[in-house]
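A short write-up of the structure that comes next.
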């Protein structure tokens, strides 16, 4: 039983292969990490899985459905959500409304009910506002419930993005460098948050440079190099893989 | 969610202004200016949904305004349709047209979108200018009076209440929309298209939706304008008129519905005030526009709100 | 409570704000005669509106220096419509409702004029338009008059001249403004009546800087015997230049829209040989001494050129006529009662103006004879009266 | 028998002559659009501002030339001075209107430059009046006949000057320190600043350069188009089209964009419909943009997420 199955995936940009011959699968309910040096194609892979890029070749299956080439908002319906390496916060909105956008699929997005504020719309909005507040508390943002996103510090915005992604109620959450730009104690807290999220039964897929975080939380690791799969397995398996040691850790590693 | 949340307060303030104005306005000329403010404000409330909330610029909305005006003028004048039917036909046709052009045009971003909408508006305005047999050409055409089942609003006072009521409705609906799932989706598209789509928002759909809504509102206001003034020219659809609408929205403050009202009011009244400067009118207008935007770059209403917040910590 | 305060505040402030917008030519103790005007001083037709404004201002001063009308000083209240029909309408409401003018002389373009007619008729204020379209006074509207020759008459003059030279196949080029389109429409309508054929019908856009493609097409059209350009402003000169550039040699006609020395100067020699109908004003020196307009037109031209240091155009003449028709009507009426003044304007007889001799009536709110509209040819950088 | 080939030959020649005439017109006008469009591109590169007052540079140089000639200056001196005056106006525009609002949103900056264009037009009307004026052609107005089509010497000036500008700009951006600094600033202003480039100076310089190009267009076109306070309005708009069509921020794209707009206008006027020639030009632009959303040579906007 797999949640995500990637088969023979290729993506080229102007003739240069960013992802090549990639096949792997992810089982539900675990924390997976995708690691590799800069330019290995990690973010490209995320963008392919979440529908921001269309693959040049290959197929992606999610939850037994072929989702290849589907746009992101359709994938959100399937239960896929993500955060971004470069924060993509709606800075023109309040923190609460950022999370509320995550609930978009649960709310009534039709035009006329919104235009005339049907009672059902008002009721649902109120209900999801409460849920959003709870979600913000869950990620540790209880102090920012009434804040504008543009007035929040960087670390809080990272959490806000996770809260928004969780509001989509995903089966699988892809986190693109959740610890980047954070100090060690904040990183530690993110570590805890990721485990809490996984504890809710959400499958977490992680791209991360902070190896300490990777080793600490991952159940399963996929190593990419130049867009190809270099190795796959549990933490200890990957660590002892000679290819990985040679190609990646051998270069001095990124143990910050 | 108290009763005195800002949007309720804003609507009440607007209602108060509308109720008090007739006691203040000394003659039909003042009514005329206020009616024009109201008609422009309806366009701006719609355009602000597109530009301020949806983050999609349009330099071509006067095209829709002009089309609405000409639909009303031609259908009632040349073909003797009842004004309401003409107005509705105009709004529906503009809705369909804007829906058709929205998909390709809204693929463009930023300045390219500005160019695309500008081109669309100019094409409409050229057609209105050139099709002399239908539109009367650059010298314009008369429009029969507005009438519903024999009732004709002839005085400025009557028009004032009609436009005021329609403006109130527009503002009310716009505020509803902004504070709703659709409004959040729109603002999220403005904030980050990728993040919005990942959160499940069908970005293209909402962009098209709000483009069509704003176009229909412009067409509606155009029809209203045509019947009110009784005479229209293709200038209503010109590029400069589009720029005027955008300037109203930006000057008043993007993503602020009441800002749009203030912007529409200022840009409609300002030329009347500046006549005192004679030859320096245009120069002063440009200077005021520049100065306001330099010193209040978020636009009047948001800047003043910020100022008030800072003054009262 | 607050509401009432707002009302009082508004009553005090709003009118004060807007009052300061009024143009005050003179501030004298006696109750002034108020003449309202809205002109396209800026925008597309500024080329026409500018001399109109200058003329009105100059002669209102002159009238006041002579003791005003019926002993009352004249106050000119003038607004710039920016060549926008929309602005024109608002300004007319302002003139009528706020400034409470006694009469309106203005409306540079036909579009602006047509836009305000409904308002003027409703309010019952005598209005003399300075625009060309015949539809302004045909059918006759109670309160609306005009001074310039109609666009239709101009085209008629041109076609007459062509026919006299045995030219019947005309190529047409027109701009995209109101004046241009109206001239084109008149040409299309008049051609069959007058036995002319329009063999080419081209147009150019706003702000175009080169019309050689259109002219080349005309040049390569079979059977073109004469070329007529409908338009005004800078394009008149550009067209003349382009005509000579591509060697279009058929007789070249333009309209009264080109009746300004700027046309000749701007064409840089290329306007030579072009013919157009103009008000006699422009060739006043060539008029015989017994011509009725000789004296009036000479005086106007000399005064205008002295005051503004630029050569006179026919457009300012429309404003001159409008102003003096009103002034004389008011003197005959012995006051400013609108109904009486209107009747007296209608009774204008043998008024000698810049545009010609006016004889208005209840059925003719223009009242110009066609004799004062003459054909001229550009020769040696000046107008030459054709006989 | 001999009549037929002769007729065909005549037909060919006249068709060719007609085509050439349209082409000359299109290229001349296109070159003007290109020069104006270049100004848009250069300012956009340095500051990501769309300067809607670009057309007013064209007007200011033309009107200045008229005034300078009127006080008796020789033509070359008047032209040089007119360009100088325009550059001063351009730099002042940057210093007093754009610089103080540098971090404002794109739309705000657009409105500021629109305000500036209204202001400059208003000022021109106060200073110079509303009449149109002519400027003598640089080297006579006797047309040169090429292949049966008549070309004005002034057109050669316009086209020649555009070619010189292209070469000069290539040299400037490719070989000089200042030019390279400008390019660097356009790619990444922050890094450029960190590398010691005076980005404020670059900003002023870009406005000066754009004003110079606009002024150049102004003095070159004035003998053809005449000059008046609103002459820059349509030229500015078409220049914007040129810059967008070519791909914003790519100077060579702006040149090509200008030529495409100019030639398509002339060809449409000649072969299809002169009434709808401007509309056709805009349809072409729309179609190109819908197919290539970043213009012909625009930087592909791959969003980094």
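In this document, chain identifiers A, B, C and D correspond to the written order of the chains, with residue numbering beginning at 1 in each.
Please note the rule applied: contacts are C-beta pairs under 8 Å (C-beta built on N, C-alpha and C of every residue); 3 or more make two chains touch, one makes a residue touch a chain.
Everything quoted here is computed from the prediction, not taken from an experiment.
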item: Centroid comparison with chain D (C-alpha atoms), farthest chain; value: A
item: Chain nearest the global centroid, as defined over all protein CA atoms shown; value: B
item: Inter-centroid spacing, chain D versus chain A (mean Cα positions, whole Å); value: 47
item: Separation of mean Cα positions, chain C and chain A [Å, integer]; value: 71
item: Whole-Å gap between the CA centroids of chain B and chain C; value: 34
item: Junction residues of chain B, two or more chains touched; value: 126, 130, 194, 281-282
item: Junction residues of chain D - those touching two or more other chains; value: 125, 275, 278, 305
item: Residue list for chain A, restricted to those that touch at least two other chains; value: 52, 84, 88
item: Sites on chain D touched by chain B in the complex; value: 44, 50, 97, 100-101, 103-108, 110-112, 114-123, 125-126, 237, 240-241, 244, 248, 275-276, 278-279, 282-283, 285-286, 289-290, 293-295, 298, 301, 303, 305
item: Contacting residues of chain C [partner chain B, same complex]; value: 3, 6-7, 10-11, 14-15, 17-18, 20-23, 42, 79-80, 84-87, 89-90, 93-94, 96-98, 109-111, 114-118, 133, 176-178, 180-182, 185, 203, 205
item: Contact set on chain C toward chain D in their complex; value: 41-43, 46-47, 50, 176, 202-210, 212-214, 216-217, 220, 233-234, 237-238, 241, 245-247, 262, 265-270, 310
item: Touch list for chain B against partner chain D, complex; value: 51, 57, 104-105, 107-112, 114-116, 119-120, 122-123, 126-127, 130, 194, 239, 243, 246-247, 250-251, 254, 279-291, 293-294, 297-299
item: Residues of chain A that touch chain B when the two form their complex; value: 50-52, 71-73, 75-77, 81-82, 84, 88-93, 97-98, 100-102, 104-105, 107-111, 113-117, 121, 125-126, 161, 164-165, 167-168
